[in-house]
Amino acid sequence: MTSKDKLIRTETLNLWYGEKQALYDITLGILPNKITALIGPSGCGKSTLIRCFNRMNDVIDKCKITGKIFFHETDIYRPDADAVEVRKKIGMVFQKPNPFPKTIYENVAYGSKVQGITNKNQLDEIVEKSLKNAALWDEVKDRLHESAMGLSGGQQQRLCIARSLSIEPEVILMDEPCSALDPIATAKIEDLMTGLKKKYTVIIVTHNMQQAARVSDYTAYMYLGKLIEFGETKQIFENPKEELTENYITGRFG
Amino acid sequence: MITIYQQKEKQKAGMMIISIIVILALSTIWFSGCVQQQGQSGEAIVLIGRDSTSGTREFFWTYVMGKANFSASLLEKNSNGAVQQTVAQTPGAIGYVGLGYVDSTVKALKINNISANVQNVLAGTYPISRDLYMFTKGNATGPAKEFILYLQSTEGQAIVTQEGFVPLQNTAHYNTSGKTLSGTLTISGSTTVLPIADKAATSFKILYPGLTITVTGGGSGAGISAVSQGTADIGMSSRDLQTSEQGKGLVKYIIGKDGIAIIVNPQNTYAEGLTLAQLKSIYLGDITNWKDLSK
Amino acid sequence: MVKIFHLSWKGSLLKEKGMKTLFFLSAISAIIVIFSIIFFLFRDAYPIFQKEGVVDFLIGMRWYPTGQPPLYGAFPLIVDTLLVTLGAMLIAIPLSIGSAIFIAELATPRMKAIIKPAIELLAGIPSVVFGFFGLIVLVTWLQITFDVPTGESWLAGSILLGIMAIPTITSVAEDAISSVPREYKEGSLAVGATRWQTISKIVVPSAISGITAAIILGIGRAIGETMAVMMVCGNPTYGLIPNPITNVFAPIKTLTATLGIEMGEVATGSDHYSALFGLALILLIITLIVNILATLILGRLKEKQRSGSKRLPIISFELAKKIKQSLYLFIGIVIIIILLMAVGIIPVICILIIIALMYYSLKKISIKIKQKIAFSIISLSIIIVIIFLGIILAYIVTNGVGALSWEFLTTGPSNLGRSGGIFPSIIGTLYLVAGAIAISLPLGVGAAIFLHEYTKEGIVTKIIRAGADLLNGTPSIVFGLFGFAFFVLYLKFGFSLLAGQITLAFMILPTIIRTTEEALKSVPQSLREGSYALGATKWQTIRKVVLPPAAPGILTGAILGIGRAAGETAPILFTAVVFSNFIPSSLLQPVNALPYHLFTLATSIPGSKENQAGTALVLLLLVIGIYLIAILLRNRFRKNMKW
């Protein structure tokens, strides 16, 4: 695979929180329409890395970044690049389900509304489509105008996925999307991910190695802010090249 | 190629800023238009008076107003000093204060063509004057008695004169005759009498070093109620007892006289003097503009 | 045999019970105080209600207690109180919310580290200092700038009250905005919303309950504020409703100002005296209504946010929307009609055109430009706030620094305070504050311990908390009247240090209860359980395990209380202070205090300008210094409290 094939590509990415360096010289490429999993022990920088892809670290004070991240061969950290435009193309689902304290409908329609869509029919359409894509439509279609806070954890997380789908991004970043959910809800989300891959590129951070093995096509193993190994999931799990990776996979530490 | 880089939108921003400025300007013009209707500030009469429990006000109300109600636009101040200060700050203001409060920051008007000064009050020609009182519960005894005697003496009356009030006639010198006083003496009440009592207390303490004296304002009503409740030894007042205050065993001592000066702002060029009738019309609210005085 | 019965523990059991009773007694003190306040106000107000009739008292159009016949109509005073509060809120709410958004969302960490404590410090400026500034500078400025007969007006009062309310509203609203979970913000940004869209559509709506609380707190403060309004509003004699009602340059007379002016001189026991207590009762009831409203609104909002509304909505979503729309339309029409009556047809058309133009152009412009405009407006609001407060501080410092000298601080006043120093006032303030804190600290801490350690949330805690909240919302002048009726007259303390100390203690009691409870809450439950597991009794656990880590928090509360007590004038006005060169040697003697000294100099002693500014500066430095200590302590304590 050449660099042209990669949808997102980082080049010697370094990141500091204040004085503390969190990422060291990360260089990797993400292929389109695949699920890429980032795994590694707590504090290894996988969440930090995924938040770089849609410039979510901009929100955090004292965060400094060097190196480059290309999306469609366009540098998203160039001074005149607009983080808002980046985030319209690269959506994100967070660790804890974070629906807004609004109705279900409002939650899904929010992204379209902030981009200036006011036509009610159009919004209705977007809401229905996004909820269907997130496999939530049947459960909530009768109570669209009730508060999203009344949904269960798994439903809330699928609502957040619907919310990020509503603006038709190309990439969906998922930061440990199942860590707050029970096994049944997790299974539903995993099914959903496999379906999403047809239309979207998915990057998922996960703690759960079985999950990475189950759903992802590619896996990156990170340790102490460094990218240790990156390759096809099968190869990483069955035949890791690096000793550190092997130790982690086999559960000898982590 | 995707478009994530910012486009130039300066032109639109400029338009927006211009329109905001125009809107702000328009509203400023409109607002100042509204304000202009208020008219020339120095011409409208601003009535300043004392609060409803002041002895000065009660005297003024009885004597000048004939117990007719003040105009509703009378602004109340809770001391003579406040009245004087407000008149000094406000071009169109008129107020009434004790003679002692007249200084260069305000202009005292002639009343019925008589200047407001001590001589004219003494001579009985200045029309608005009244007595100043000290009240005690029962006949004064101990430090209270000595203090009142001191005030009524030549020495005390010198302070009365110094403070710009009108002294009593035919007074004698005060004689300590070897007396010593100790304990405390609490004096409170009328803000008109306050400067006299404050000064007298200072020199009285030189005569009797063992004595602690507290002098406080609050107004005639406060002083009278304090002395009748026993929280003060002497109550100062610029008015006589009201019906509700009688029958509580209070004894009255006159310690001087006071003229009520009618003061205006020094910038006021419309009036040098008023008749009592004019004064009444002003405080009734019948005359509301200095220009109307000459009519 | 294992002894698990109390028999062998008699001594310590007795102690446990004793402590609990003690804490319970301090806890109900707040309720006793609020009920005694209501009782004494009502007792002394009753004769006038009986004589005039409650309705006539409320709707009477003239307040003229010394007229013949005397008139006791509180209506204009009530209207004026509401008007001045309304004006103040029109000024304070946009500026405070703008500032709060700026501090919480736009400021860099370094700016935030400076501006946030600065705003909190400004909340401590005593109202008499504002009044002093208003009387000398603002009133004259208004008179000259707008060429009106007198600057003492509704507008002057509203501006001053508005500026005074800004720090309070800003810091509470900022807390609310900052505590919106970061997840909401990230969720919004992740779907491509701009920062402004995130702030306006997610952050502010999520914080709306806290912001509402901040505004209502500000309203309560403004209604109950005495000294500043008394000094700048003009106080027309009968109480005057502005004519037309939009004439902001009309002098007005509020409930608090009427009490402040007339209470000191009224003959005790007269109808007039009783009528003043009637006014205080009205004032108390208005503030109670505001407070209860606040609690209700907050409760509703919280419930709405938390619950997933399991209940079926009574009306359908579509219908609700229609009702909402027609309500907005109705409000809009009402506003237009009011404007029409107030300013005439041409300005109204101008305004409508301007609004339409703005609406149209806002729709046209891009999201980014909108963000720029919004951020400029927000930055502008904090700049205006800083300029306002900067002018006041600069005026007081530049004018006061000339008077400041060692002699000024260590000698007594002479020539009625025109010359000489302020030593007795400084000592008096220290005496008052020391007594107040000595009384309120044990009561407040005991109450908080009872609330947090000894009871489960239930009806008892609810009642006690409600009592503390009501006490907190009670205007300071009402405390003053209560102190006068109860301590000065009923208990025959006279104008005395003791009466002032207790009155101030009651006023700061709720602050101490609240801060202590916060401190106790921050001690993790696991620590207590650890102690119980070792066989410690409740009181042992509280004394050895809970109180030590909570101490800095309690101390912060105590210092805040000290700061508030040092700056207040109204509660001591009728209970303790006299304007004199006098240092009390017993608790039953009166004192002079810094805020009262300043008030008297500024309103009654012409030609004392330099000493006025000097006193204001000393008072300001004292109170701000106390608040600074509290804030530093709290910040340290928060850092240390990471468990």
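Chains: A, B and C, in written order; residue numbering restarts at 1 for each.
Keep in mind that, in the parts below, a contact is a pair of C-beta atoms (placed from the backbone, for glycine too) under 8 Å apart; a residue touches a chain by one contact, two chains touch by 3 or more.
All of these numbers come straight from a predicted model, not from anything done at the bench.
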Centre-most chain by CA centroid is C
What chain pair has the highest count of contacting C-beta pairs? B-C
With centres defined as the mean of Cα atoms, the chain at greatest distance from chain A is chain B
Whole-Å separation of chain centres (CA-atom averages), chain B against chain C: 31
Distance-wise, how many Å sit between the C-alpha centres of chain A and chain C, to the nearest whole number? 47
Chain A-chain B separation of Cα centroids, rounded to whole Å: 76
Sequence positions of chain B contacting 2 or more other chains: 6
Mind pulling the residue numbers of chain A that touch at least two other chains? 85
Residue positions on chain C within touch of chain B in the complex are 62, 64-68, 139-140, 143, 146-152, 234-238, 240, 249, 251, 253, 260-262, 264-270, 272, 343, 347, 350, 354, 357-358, 361, 365-366, 368-369, 372-373, 414, 416, 488-489, 494-495, 578-580, 582, 585, 589-590, 600, 603-607
Which part of chain A faces chain C closely enough to touch in the complex? 54, 56, 59, 61-62, 83-85, 87-88, 91-92, 94, 96, 98-102, 110-111, 113-116, 145-151, 160, 163-164, 166-167
Complex interface listing, chain C residues touching chain A: 108-109, 181-194, 197, 201-202, 205-206, 304-310, 317, 367
Over in the complex, which chain B residues touch chain C? Could you list them? 6, 9, 12-13, 16, 19-20, 23, 26-27, 30, 34-36, 38-41, 44-46, 49, 51-54, 57-58, 61, 67, 69-82, 84-86, 88-93, 101, 103, 105, 184, 186, 188, 191, 194-195, 198, 202, 212-222, 224-226, 229-231, 242, 244-245
